[in-house]
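Input: a single structure, listed below in structure tokens.
Order of writing sets the labels: A, B and C. Residues in every chain begin at 1.
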Amino acid sequence: MNRKSAPEEQETLTPGGIAVPPPLRIESAAFTGSLATLFHLARDGRIDLTGVPLSPVCSAYLEYIRTTEQLDVDAAGAALLALAYLVERKAWALLPIADPPPPQELPELPEPTAHEFAFAVDTLDEWQRERGDIFFRAAEADGVYELPFDVGKVTAADLARAFERIMERARPVDVTPLAKPRPSLQEVMASVLAIARTTSEALPLEAFLPEDYTRLDAVFVFLAVLELLRIGTLTAELVEGDVRFGLKGGQR
Amino acid sequence: MTRTLEGAIESVLFVAQLPVTLDELCEVTSAKKSEVTEALERIGARLQTGSGLQLVRIAGGYQLCTRREYADSVAKYLKPQKRKLTRSALEVLAIVAYRQPITGLDIQVIRGVQSEHAIRTLVDRGLIAEIGRKNSPGRPILYGTTQEFLHHFKLNDLSELPPVEGAEGLQEIGA
Amino acid sequence: MTRTLEGAIESVLFVAQLPVTLDELCEVTSAKKSEVTEALERIGARLQTGSGLQLVRIAGGYQLCTRREYADSVAKYLKPQKRKLTRSALEVLAIVAYRQPITGLDIQVIRGVQSEHAIRTLVDRGLIAEIGRKNSPGRPILYGTTQEFLHHFKLNDLSELPPVEGAEGLQEIGA
């Protein structure tokens, strides 16, 4: 841990004229290397000094001062500075960490300050308190405003029952690939709407399906009816415990 | 139910997340300014009887909000974080409000203390914003107040700020 | 004005983003269920006379919303709010959507014109955001699209974007 054990080629002056500490070497669990390296790591906050014993380094430094015959004052000074820095940093690191003071509450303003604005500041403070008592609709409301749709006394369970019923009668989808692509929801909605327009009466869910339909058809028709309810084109009502769907506002 | 201008305006104000200007209301309802103004007055009056809401003029427009009387109920539901500005942030804000456009350095000169932290806070909160660059060395940022500033203090426009002119004027107002 | 249970409930319903359940209303107002139910009925009845709003039972709770009669006014107001993106902003947005993560400089190279303003607009609108830093000199910001972007264009996820391959496709978009 002294100068003799370290490589001798190290310069004591950087090109910028900064003295480099003598190459004291430190061997410890947390760090192994020269004093200069330790200094740099500590300065950049890249090492936890609490794991590095500094007292043997200090002893080695004193040993170095005592035993070196032609003392390089610049190098010795730089080493002292580095050591002092490390000791201070470590001391801080060992101190219990206090809660950081609330930065905004701190400054009781020193002179000179903005006296002329004091009244305005008081007023703003008061307004801010008053304003804190009223609330606007959430500005961060995620999403686009949409009118909740109303299906009167019809519940989700009623809809589910109607869906279950049409699903029971549906046959599985043909395994063979379909010749024509399945219709889009838009197209199914259009056909549901066309059927609804043929009568002024509210119809059961089955009425919107062909005689022979697949489960896929059933799912699509159900979704189409739900979407038409959502956008307010269809309404739902209960007839003898059964949910029926009709055009909004009667016939068309 | 029959449609009314009042109803249309109220529904628009309800969905708006920002104050709605008179012009916007006229455009949306295809009504004249005088008609819209009257309807707004009727809405305001109606809300005064038994509603938890009120109609306010704020930041150059109209907006619905809850009444102060119900602050505790709403707060109990929303559990809003208290985000009051500190004294020093308010001071910087006042300086910006009255002296805008103003650079950070000028704010510091007026206050006599480092103000960067307060400026940063106010920018983060959207109460002040960069409104340009000063044509001087380094082209420093010029700050000004925002719509959010008006909103935060329930102001309609900057002219509603209390007049500040030197210390004398201040004493009169504050007296 | 005197405080009423009705007013308290209405103010809470107003600020709520979701339906508020009867239990929540009871808790917030410290009132009994029967009292709250009655107050809700009074609010509903009051809103039926001339208001643009209505009280609905939905998803197991209560919610204020606009009346259907005013859907067109509401739509007329909301639509322009959502569709104010300029051609150049849309172009930048398309580039970011397909090439993310991408730096501002790369966007500029693709478009051949200064794009800072458009980028700033899109960031302000929450449609694109910093999603990292590029490991190159200056560590420039990498932009990507946001959830809001998907929402704005009613997309479920990025895979729903129309396919575009290579620069030709991009030119098509910008054309």
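Quick notes on this structure:
In this text, a residue touches a chain if its C-beta (ideal position, glycine included) is under 8 Å from a C-beta of that chain, and two chains touch if they have at least 3 such contacts.
The model shown is predicted, which means the values in this text are computed figures rather than measured ones.
Two chain pairs, A-C and A-B, are compared here, and A-B has more C-beta pairs in contact (counted per touch definition above).
When each chain is reduced to the average of its Cα atoms, B sits farthest from chain C. For this pair, chain B with chain C, the centres built from the Cα atoms lie 22 Å apart. Computed from the mean C-alpha positions, the centre of chain A lies at a distance of 18 Å from the centre of chain C.
Averaging Cα coordinates per chain places chain A and chain B 29 Å apart. Across the assembly, chain C contributes 11, 14-15, 65-66, 74, 78 as residues in contact with two or more other chains.
Among all residues of chain A, those that touch two or more other chains are 135-138, 141, 145. Put simply, chain A touches chain B in their complex at residues 103-107, 109-125, 127-139, 141, 145. Those residues of chain B that touch chain C in the shared complex are 1, 3-4, 6-16, 20, 24, 27-29, 46, 48, 50-53, 64, 66-67, 69-70, 73-74, 76-78. By the touch criterion given at the top, residues 14-15, 17-18, 54, 56, 63-68, 71, 74, 78, 80, 82, 84-91, 93-95, 97-98, 110-113, 117-118, 121, 152-155, 161-162, 164-167, 170, 173-174 of chain B touch chain A in their complex. The part of chain A that touches chain C in the complex is made up of residues 135-138, 141-145, 147-148, 150, 232. Chain C meets chain A in the complex at residues 11, 14-15, 17, 56, 58, 63, 65-66, 68, 71, 74, 78, 82, 151.
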